[in-house]
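Paired with subunit B in one complex and with subunit C in the other, subunit A is shared by the two complexes that follow.
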Partner chain A sequence: MAEALLDIRGLSIDYEVGAGVFHAISDLSLQITPGRVLGIVGETGSGKSTLAHAIPRLLQEPPARVRSGRILFRGVDVLELPRWKLPLLRGTGIGMIFQEPINSLNPAYRIFDQVAEAVAVRKLRDSGQTPTLFQAVEPHDYSRGKPVKTGPALLHAAIPHLPGIGTGARREALRTEVLDYLKLVRINDPETILDLYPHELSGGMRQRVMIAIALSEKPALLIADEPTSALDITIQAQVLTLMKELLEEVRTSILFISHDLGVIAEMADDVGVLYAGHLVEFGPVEDVYTNPRHPYTKLLLRSVPNRYKTDGPLPALTGSVPSLAKIPPGCPFHPRCPLAREICSQDPGPVLERAKGASASTHLSACYFSEEVATIG
Partner chain B sequence: MSPALVEAHGLVKHFPLGRSLADAISRKPGEVIHAVDGVSLEINDGETLGLIGESGSGKTTLGWLLAKLHMPTAGRIRFAGQDITDLTGRDLLAWRRNVQVVFQDPVGSLDPRLRVWQIVGEPIQAQEHLSRAELKSRVAEILPMVGLPGGSLDQYPHEFSGGGRQRLSLARALSVRPKLLILDEPTSALDVAVQAQVLNNLVALQQDLQLSYLVITHNVAAVRYVADRVAVMYHGLIAEVGPAKEVLEHPIHPYTKALLAALPAPDPRRRRARYRISGEVPTLVHPPPGCRFAPRCPFVIDRCRSEAPALRAIPGRPEQLVACHRAEEVEDVPPEQLLTGIALAVGGP
Partner chain C sequence: MTETAPQTRNSSSRAEATRVSKAEASALRDFLRGLLRVLRANPLTFVGFILVLILSVLALLVVLVPVVTQLLLGHTILLTPFDPNELTTDYGQPPSTSHFFGTDNLGGDIFSRILTALPLDLAIGFGITGFALLVGGGLGLVAGFWDKPGTIGGVVSLVILRVTDVFLAFPSLVLALAIAASLGRGTGPAMLAVLVTWWPYYVRLTRGEVLAVKHQPYVMAARAAGVSEVRILFRHVLRNLLEPLLVYYTLDIGTVLVTFSTISFVGIGVPLSVPEWGSMVELYRRFLQTQPWTVLSAGGAIFVTVLAFSLFGDGLRDILDPRSRRALVQAAIPSTLMAKAAAAAEA
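Coming up: the complex of A and B.
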């Protein structure tokens, strides 16, 4: 098996605020192998975004505090990196796309400057003129599809540090490449878009620009945190189509985070289910969806409305997600679980291990009674 | 037959755009946003009408018009047989107990400085003047209907989860026992598990209290569970309307098909191929002369670009009204065909 690109071991993250200590992530371990798309699904407050922000060290500490664990990205423990090295990790190593593109784009700069900044940073690192943590060439390769047309690498030695200050010739050199990336994300009429400000674009267009920025840095790992949740469904379908096409062209690993089970089914190769900061199930997406081995996954899948389903109430999960300050002992799902027995409420809770009755050996479940999940009516 | 609870006829709402001082002085006519551009619909007693469409299609504006939160530019609204278009002052205030709105944003529509009994009791207080104790006891009766504990009277909105706030908003709307509830995106801020609870709660309440609902949503799948009839809006007009089962299982209008095809199924075995509807909902300032969906429609012909289609029934589908010139030809095209790379085969000449 290929070596993991990202290897998270026993990660626990707390938020310490006035009202108490919130356990956002509890003893979470997962791996992403190169070229795979890992989907993380969970409800609000399950710790998805904390996980997304912890990997590139974007959590604000305090209030957040990493209690234990290691985040190994290409063999380097991200948590041990000194603060000054973090910018070297982000962008060219780990790229991010967030839910609200309007918050990620700078309202005061034109689209050109924002994409050009990312391109320029990556070029400097590629050419060895600024330090980098990793060589950006591998495993980002274009072998699976037609190559991305990048413009001639005509960059002058000293790129101005701030975007928008470059002289004519430097801007021209970047312009070709910026246009290539905007075309890559299927923006019609990219020449016009270049000179617009973010507020002049629609939500779908802004998210395309964000994807262009993230890809232009050629990250080895792309973290997409609810990238389409703020978009209308026809626009969401367009952006998902685009991301799937790009996956064919640009091989990069993706951590795809969403609350939408449909979106995850569409995008992911593997899926992890988060509940109250615990990874309760993990496995190939087809196995998890068709043969769930954790009661929470099963009940969550059942409560999704389907346009063909007709009569009777929607099967709903009873109760609500526990507060992260008061996670039940043992299995965090036991108060809402139809299979719960006495052992489920006792510490330490079930660990993530190979699910009983699952066909794939990589299908894991944190449930003592995983073989009985199919009996939940 | 008794008249429908709500009858809207030819509703139009235009919002004027800001214009420069020079234009204003030279009396140049200002431009307007055509938010709602001639919509007629009915909601019957005890019925749920689902209104679906993307953002910018005018569905929220239509809801606000029916709740008389906007004054229509043109058109009439009748409520239980009475023309309410021009109601003002005291009459309007008294009428408002008939129609209540659950707003889209459960955080923004609850005053963070008021307690639960004040929030839920506010519409009651606007209608009848009660003492504090009477008001509290009325509110305490309402809270259990939406699944909130009666003991939470003195709490503040921030103490509730997202689903709890949505229930609070619902309790406030129910407090004056309205006949029609307008629910604007009732579940879009909620997780799927909570969404199921809220949807089931809505259906149960409707049966208990004989309410009519207008459910405005972009969630095409959720609407199937609550709606009797569904209207699909695009660009300020109704594209298709009919029984929920018909519209969602046998959509005729290409836009309805596009919406349904865009819905990701929670099933990795039904992974979709490419989605072929390009473009976005255009801004509503200069509507195209013909069909408004024509620029994005995969079935477009020349006629669509010049002549606006009227809402009509097609042979064999009497209950479903559709505004499409090619309705008979595209009727049987399944939504999934809008996904694949194959050429769109359409029957007929």
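Coming up: the complex of A and C.
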């Protein structure tokens, strides 16, 4: 197994607010190997977005507080970086696509300026004019085992930054590259789009621009925090198709966060299932979906609406997600679990370990009775 | 710049520099053309723009004409028809062709006095409010952006805000009066007094706006893209503050003029020998019923100035906001031109 690009160990994050302490993430460990797409799936409030924001240190602290754990990105502990170094980590190291494309672009600037800003950030780092944390990985040396279609933008040698010449020449130099990235995300008529303001674009277009901005920095890890949730279903399909095509072209590692099991199945190589801030199951997406080894995953998969099912109501999960201020002792899922026994409610709860009866060695589950999961309903 | 030192550059970089300066020149031309379109589409802004232009040019002339004539001819020629402090026997005259705005109770020509006061009043309005905008806005920017408790920024922000609170705790007029009184009578001390009391409001206003803008998703998106904090502050936060700040600034010019005149009214501001609109209003207030032109002219001057800046400021906001600017420009393009462009696009 190749060395992990991102290695999270024992991460716990709390929100300390007036109403109490909310344990958004509890003792979470996971690894992302270079070139793979890791999907994180979970219900609302399971800590998905907290995880996504914690990795590039974008959490609002306070109220958020990292209680324990380490986030190793290319061997550097992100949590121990001084604050002034954080911008160097973001963008070129860890890129991010957000949930709300509507407000993620600055309304005061044209599309060109916003993409060009990201391109300029990367170029200054590549040419050594501003400090970087990491040597650029260019081209990304982790192939996905498929023939690589490199987008035109990635073939461009970094144009040396032109110092001290008026804005006109710099704009010209950036223009071709910005255009390439807009073409990369399949924007029609990019020449016109360049000169438009964000309010003149639709939600899907804006999300494409956001993707172009994130990709233009050539991040080693791209975090996509529910990139399609705010879009309507047809646009969602378009953006997903685009991202799937881009996966092959840009060959970057992706942490893809979604509440949609179908989207994860489509996009990810590995999947992690979050429940109340705990990672309850982790493994290759096919194994987890066909042969779930945690009761929560099993019940979650069963409750997905089936198009052809006509007999009776949907098999919904009974009960509700526990409050993050009062997570049940032991296994957080035991109050709703059909397999629950005495031991499940005792601290410390089950740890994430190799699932019994699973075919893949990387298939992990946090359940004492993972071999019995197949017997559920 | 390229014309001043061409011999120090080699030929290729000179060609490049020329190309760049050409590109910049065309960008400027585009900007001016766009400004003209916006002004034409928005008649009220146009009125405000023209008024501000006229007032500024007049103020410049009032200051420059005596100086230049003194240098060239050896004796001073005033732009105004009369010496503003000349006392004549024509006192209490209503407006006529020789005295456009009439004369006051001492025979001074009101038109001359108002015109002479123009540079001073513009300086008060522009200068004091501008200083408050720069100082208060700068402090508010810092206090709002780096306000995380427990950091250096948090401490600085706390200090700025508490000092601001001290200033805001006094009614600003009382504080200004106290400062002006302790410094003695004169134009300078009165201006200083307003200057010192005016900036705290801008700290509060700017800080509030910064707090609202810095939690916008696009600020987080810029942060996630690796943009440095200083750049985020100036490029992403400050740019989105300009609209509310400019509108407040232009409206505030009138308030400053009125406050300044209040200081003059109680007799610790501008001496009576120096014409100033606010003090003129207070001085002529007694003649509202017998010689209304005196007080109305001075009040009208304040009114026109404030109106000009308000209209101009409102228009500036429309120009700064990309949403309304686009609509304005589109409205300003004549329909024949639009038809031509459409035909060209089809061909």
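A few comments on the model shown:
In this text, the second predicted complex is superposed on the first by the 349 of 377 C-alpha atoms of A that agree within 3 Å, B and C clash if a C-alpha of one lies under 4 Å from a C-alpha of the other, contacts with A are read in each partner's own complex, and residues count from 1 in each chain.
Operating definition for what follows: a residue touches a chain if its C-beta (ideal position, glycine included) is under 8 Å from a C-beta of that chain, and two chains touch if they have at least 3 such contacts.
On a predicted model such as this, the values are computed, not experimentally measured, just so you know.
The superposed arrangement places subunit B and subunit C next to each other on subunit A without a clash.
With both structures placed on the common chain, the touch criterion links A:Leu105 to subunit C but leaves subunit B unconnected. Once chain A of one complex is fitted onto chain A of the other, the partner contacts of A:Thr241 are limited to subunit B, with no touch recorded for subunit C.
Once the two complexes are overlaid on the shared chain, A:Tyr368 sits clear of subunit B and of subunit C alike. Look at A:Ala316: by the touch rule set out above, it reaches subunit B but stays clear of subunit C. In the superposed model, A:Glu117 lies in contact with subunit C only, and not with subunit B. Superposing both complexes on chain A places the Cα centres of subunit B and subunit C at an angle of 80° as seen from the Cα centre of subunit A, in steps of 10. When both complexes are overlaid on chain A, the residue A:Phe22 reaches neither subunit B nor subunit C. Touch criterion met: A:Glu217 reaches subunit C, while subunit B stays clear of it. Our summary of the superposed model lists a minimum C-alpha distance of 8 Å between subunit B and subunit C. Per the touch definition, subunit A reaches subunit C in the complex via residues 56, 58, 61, 87-93, 95-96, 98, 100, 103-110, 117-118, 121-122, 165-169, 172, 197, 199-200, 210, 213-214, 217. Interface of subunit A with subunit B (complex): residues 43-44, 202, 204, 232-238, 240-241, 245, 259-263, 265-266, 268, 285-286, 289-290, 299-301, 303-310, 313-317, 320-321. Residues 16-17, 19-21, 23-24, 27, 148, 216-218, 220-229, 235-236, 239-240, 320, 322-323, 326 of subunit C touch subunit A in their complex. The touching residues of subunit B, when paired with subunit A in their complex, are 54-55, 161-163, 191-197, 199-200, 203-204, 218-222, 224-225, 245, 248-249, 258-272, 274-275, 277-278, 280-281.
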